[in-house]
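Each structure below appears as structure tokens.
Both of the next two complexes hold chain A, though its partner changes from chain B to chain C.
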Partner chain A sequence: MPLKTADRASAAPLHIVKGRGSSLSALNAAVGVVLAITLIPFIYIAFRAFEKPLPEILDLLLRAKTLQVLATTTALLLIVVAVNIFIGTLMAAGLHFIRLPKAHLFILPTILPLAIPSYVFTYTWLALIPSLSGLFAAAFILILTTMPYMLLAILVSLRRIDSSLIEVARTLGLSRFKIFIRVILPQIRSSISAGALLSGLYVLSDFGAVSLLNVETLTVSIQNMFKASYDRSAASVISILLILASVVFIAFNERLKDSDNKENISKRLMAKNIRINNPGLKTSLLFSVALYTTLAVVLPIYVLISRFIGNPNPIDFAQLFETAVSTISVAALGAFIALLMSAPLGLLLSTRAGKYSRLAERIILVGHALPGVIIGLGLVSLGSKLGPLYQSTLLLAFAYALLFLAKAVASMTSALQLVPSTLKEVAATLGKSKSKVTTSVVFPIALPSIGLGTLLVFLTAMKELPATLMLRPTGMDTLATQIWSYASINRFNDAAPYALLLVLIAAIPTFLLSAPRNPSEKVEISQ
Partner chain B sequence: MRALEVSHLSVNFGERNVLSDLSFSLAPGEIASLLGPSGCGKTTLLRAIAGLLQPSAGTIRLGTQLVGLSSVVLPAHKRQTGYVPQQGALFPHLNVARNIAFGLDKKTFSKQEISEITQEMLALIGMSGYESQMPTELSGGQQTRVALARALAVKPKMILLDEPFSALDAELRNELRTDVVALLRAQGTTAILVTHDREEALVSSDKVVLMRDGKIAQMGTPEEVYESPISPSIAVSTGDALVLDAQKFSNGSISYAISPSNAGQTPSESGFVVIRPEEISIKKAGTTGVAATLIQLDYYGHDAMLVLKIANDEKLIRARISGAIDFKVGDIVSIEHQGPVRFFAKM
Partner chain C sequence: MHLQIKKQGRAGLIAIVTALVAGLAATTLTSCSSSSDQASEVTELTIYSGRSEEFIAPFFAQWEAESGIKLNIRYGDSAELAAQILEEGSNSPADLFLSQDAGSLGAVAMAELFTSLPEGVASDIPAEYIDSDRRWVGITGRARVFAYNPNSLKVLPTSITDLTQSVYKGKLGIAPTNASFQAFVTALIENKGETFAQKWLEDLKANDVKIYPKNGAIVEAIDKNEISIGLVNHYYTWEISEALGRPINAKNGFFAPGDLGNLINVSGAGVLASSKKYAASQDLINFLTSTSTQAEFVTKTHEYSLISSAAAPEDLPQLLEIGAPSIDLDVLKNIKATQDLLVKVGLL
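Moving on to the complex of A and B:
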């Protein structure tokens, strides 16, 4: 293999050709193993689905009920994504460009809803308006839930825009509006598309909000079939439909994405920020931030606190504590497994992205699109084959790792890519072997970003509901399942302490995320 | 013994031939400049020597050790070549002292030795007291100094500098370049400096390697490549040059605009003459030489560039003079070429 590689691209960085051939193939093998593990649940679902005879599968797919559920899912997806793109872009641009004192204090409350999962939103809004139900109510809740993904994605790329480009455009006589359309929008298009992807996939995989609001989406259907009849074959058939819906959405989103390459992104941070000081724009920005914060933070937290204080029943603190500990430990274990699983592909993608690693990345991204309910179903279906693992904490943690592997890989890759290749080359000329370079240069520089990524996975895992409902060991509860079980029987008071605790814990990483300067940016400055 | 010997080196990027059949060598302690336009393969050659990429053919020897052959390659981390890339590339997570000590293996050196070497290097670059500063706290020039110290600390067989001064402003650039070259000479370090600045190449090296399209176009001491270019285009790459049409006669005399000779013979060969602007002397009209009109005068302080036009000749003549200027635009003057006549036959 080394010789062949040498022939094909003789000027390839040396490590490929010599000395690193073995570690590269080890890396490739590790990625292969990770991929295989990722794929097991899906392969199993496919097997299960095709246990049914074909006419029966077609019958199930084409019956009116299924088509109606598919239509509902699509409508919900489109409403949420469209509103998110429109409001999210305007709000992010406003937050970035309009001059406000202590601007990041205004960004923080718009990111804070990340800490509140959709089912907690739904439950607090149901406590306020008990009649809330239906497609539009679900869309409203899911927009509140997913808006921060959009805002974060766009804000990050806005920070990377070189301010001199805007200055040049201005000297060329472009109005502010034209600058936005012709200079800024093209540069944030990819991140708008990334935000749309994240919020769309959230909608497809959401279980809590839609089921509490009596909207039957594909995810709800699968969970119901699994629960009501234990007909895993039927549930698997619908799962395949959901997988297809996710794939179609990803493919569509790919087409929207700008084909920008990262090389062209200016590494210069805005030294002196360009800020607009227009009173009218300022007022509308403040109004929209206030409105969003009220709907997505103030009201839900108000409900949680008032229900918590107004609860006539004594709170079972021992149980609360036990639930918190098991939630944190299983989520942390999941984040750790995801970290380990993401390292090989991250290393591969950041040093030399070939066809194989790109394909692996795609597969894992599709895996991320697959709702928790499918991973849950896949692992449950393996059931007895898993032996003692079945219904264990480890399996649940593993499900989290699979679910959020794409997140982990993405943050691992971008963290590792932040390390400029000249640094690795200098280290090599100073006598450091490839693996030494990785441990003494690449990882130390990337560590803060990797840590942040792992924290994100941990936060997301803590809020996970559908897979947890399917896979949790008997007798084990997480904060999410407790909130869910109380809220679904309208015992809002009893759910309050769990929800409050979950939001509090989940808010910590959210604060860190919205910090104006994250460590990854520090590296860029020195370049 | 040679410090570096590159022979018949070729590098391909896929189908593209970036370096082809390139050979040169350096004696120990020699400083060479690789000079050429961007894209000519300077950096590629440097990276091939450092072991950062794989040549397609040819050999590279460091001292007596064969380090690069198309099939056998000593990886970069075993070559002991110091590498200073553009803008230094300091490790952002390490302070100055740790950056300098980065290449010092803890198995080979004791803590005491590492600290001694670091201090010695800091003194060498004139930055004692900076050990705990982080790279972001340093100016561009300081970053380059630390990068150099980091490369020198491991006592490399040679140092490879890839346009290390390109990001600095002119004044700092000259100062730092002078310091770095003096330092390399004091240490007796063999070095290669990649640059696209012709003055930088001439002033800092013993040997100038002029590169064009992946090949060595000319190589020699700074005086050789400046005074005796092998072609008009090479002459331009080492400094300002005037390329004039010329005729060569069978008796050997050469006629060109500044020095017309009417030997009454038929020209045997037509070609070009290359003249450096400082080789043209300007005197009051009527004295020896050819009459020309001064049409532009650019005053630089230390010298001035004059643009002159000889009657009935399209080509403008540029002359560089230093000292007091007694002429003004519009004056008619006499110009004379006082220097070697470099004739190149037309291809």
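Moving on to the complex of A and C:
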């Protein structure tokens, strides 16, 4: 692929080549700055881990307990990712291809679980089934929590697949199953892998669900190290293991991806949508959507509402409002910083991906697997030397950007890849200036997808807890810290309004995420 | 193409180095300018509080009103706040650290980040609840008890060793991940040795002990009669009843005097050595340990006052009548061996 890009560059019109050197090195420099920032947690971990003598580090890494935790983490990761790939692909394909009135209204509830933090999720499920515990319970909860990442990724790419190929396959008499396996699946492979990546990294970094369900993953181990002995070095050693685990997972995941066919993009934009109208399939789709929605949305919200109603204490609406405002503003600022930070790398990756930019992308992905408490401590270590900047809204927003940068980079890259390079070249040959090309060609096509990435960062930042507790300005509350504050003293009733409000606010971007964007022509196939 | 990648790499490297150097420069600059003078009048204090806002905030508000000094309070988990203070080191913005348990205070003390408190501070608190070097003082007492459902549990245990008998099979709940349960097991190991502790835990497990994520969940389960007895801290029966807004079917019971099941742990506070506001911080500690505030802790948060003459929380025996085992609170900070043991027997 890089080779092809280079070829195209050499064939490009003259005045694009002019000035490319300077803008390219500016881009590289910008990526370098972003990369230096994302390396902060890694530097922190290395610094802390190697405070211990090497034999002790090896001891810690190779003891039976660590290996057992690693095995648990791997098992959990594989179960969640495998189930997510299987069910997520089927459900997304169903939602896309099966004809339903107001289809996006069926998509919305399947994306809505994104709005519920995993710890709230687990609390509500524990309220329903107090004996819930163990690996399979954790897998169950995490599948419910991460399925939307899968669905979002696949749905977005299904909207862009080349349906002319499907029509060809149909005229050749291929069965529906074979069309799905041979024609559709290859086209959505890389988005399946992207969804698997996000849900897998979520599993690696999650603390809320697994700790409440008594499953010791690497992230729980890291947290326990603090509580057991306040041993930050040991926690960092285990973090190295977590980094290695995510490197392996990312590498493994890339094999899923296959060489993507970007060249079809221009056709995809004009592709017609195909809809199936089979009653049997429709029933099973409706049944699975209903089942998933019940488990992942209706039941948790039912528990929250019944706690809310059962609350004997008066609700402090002024505080609720103030908390909501500060949550939204700092999460929005974080999303904006993530957007700015992801732009140079996204541009580089989408136009001329090289070894350097790919490495940067992978480092950012690995950082996504790190638990919030480690990134939080890394920033505490650095930030506490920065005087007034420490524990400021800006630093907290910056922490959010750092924590969720991978999400922004992923959507930035895929958004910019959407823009066919031929289109840019045509615009350039027509005498448009570089900035004009960007504003009149690149932005209109890429903007919706970039917006979605930003919304995703905003959504996850609103739910973030461990780094927020360490880095928020002293005295500031977010909805997540309030939920934590009440839940830690068993006041689930008092936590309920905050949790409900969080779900409600998060539902708005979720709605935007699930809304249809290309209201293109639809072709119906009735059976 | 090869050349192009090389060029990309070099520009990136330069940028990384530049950013790191800039960061370092900024760091040095700010750390040089951060010394401030002691003489100026104190108008604000920064507190890191591992104690929950709901229970402690009214006390802080009262002191603010009395002293005219504004408090900036950062609430968090005791252990995580301790880790944060260790990370901040001498740059910590905190003046005072208030913790749920002695373990987190011990960790900060060990890193020599607390200043020693003069003799006059917390003068009513007995020496056994104060760090031997006076780096932190206990503020409230928290007793380990068994909570039980009086409708379903007819035979009360007199020792933790009774709990492994068949009468309690499948009826006992514990929370192995909870810090105060682990503090109790630490005391058990210290006092009776690891072999004894391991045997006891294994027997509990063989007796079908039920595992809960937290103390509160145990008391809720007792109220619902899912289990009839559980090992918790004394104030959870009150906390759950308060949270549910009704009386619950759970009462506290103590073991025979001297039994390790009656361990007393403390919440406490220390003043950061890096603070420039020793006098005001010590004044706040004096307020929290004064007879009148201590009496309020007893009625409002249902904790024990550490002052010997103080009244006990409603329906509970006096602190000195509990028959608490004699354990040096300093040993409770090392719960690593405890966690390893809990893992070994399969409870963690």
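Assume the second predicted complex is superposed on the first by the 397 of 527 C-alpha atoms of A that agree within 3 Å, B and C clash if a C-alpha of one lies under 4 Å from a C-alpha of the other, contacts with A are read in each partner's own complex, and residues count from 1 in each chain.
In the analysis below, a contact is a pair of C-beta atoms (placed from the backbone, for glycine too) under 8 Å apart; a residue touches a chain by one contact, two chains touch by 3 or more.
This structure is a prediction, so every number in the text was calculated from the model and none was measured.
Of the two partner chains, chain C is the only one touched by A:Tyr390; chain B is not. Touch criterion met: A:Ala36 reaches chain C, while chain B stays clear of it.
Look at A:Gly475: by the touch rule set out above, it reaches chain C but stays clear of chain B.
Contacts of A:Val380 after superposition: chain C is touched, whereas chain B is not reached.
One of chain B and chain C touches more residues of chain A, and that partner is C.
In the overlay built on the shared chain, the residue A:Arg362 is in contact with neither chain B nor chain C. In the overlay built on the shared chain, the residue A:Lys178 is in contact with neither chain B nor chain C. Judged by the document's definition of touching, chain A residues 3, 6 lie at the interface with chain B and also at the interface with chain C. Put simply, chain A touches chain C in their complex at residues 2-3, 6, 24-25, 28-33, 35-37, 39, 65, 126, 130, 133, 211-214, 216, 224, 226-232, 310, 312-313, 352, 354-357, 360, 373, 377, 380-382, 384-387, 390-391, 466, 469-470, 474-475, 481, 485-486, 488-494. Residues of chain A touching chain B in their complex: 3, 6, 9-15, 17-20, 420, 422-423, 425-434, 436-437, 440-441, 444-445, 522-523, 525-527.
Every residue of chain C that touches chain A in the complex is listed here, in rising order: 1, 4-5, 7-9, 11-16, 18-20, 23, 26-27, 30-31, 33-34, 46, 52-55, 72-77, 79-80, 82-84, 86-89, 91-93, 104, 107, 177, 179, 211-214, 216-217, 220-221, 226, 236, 239-240, 243-245, 334-336, 339-340, 343, 348. Every residue of chain B that touches chain A in the complex is listed here, in rising order: 11-14, 18, 44, 47, 50-56, 70-71, 73, 75-83, 85-87, 89-93, 102-103, 105, 135-136, 147, 150-151, 154, 156, 160.
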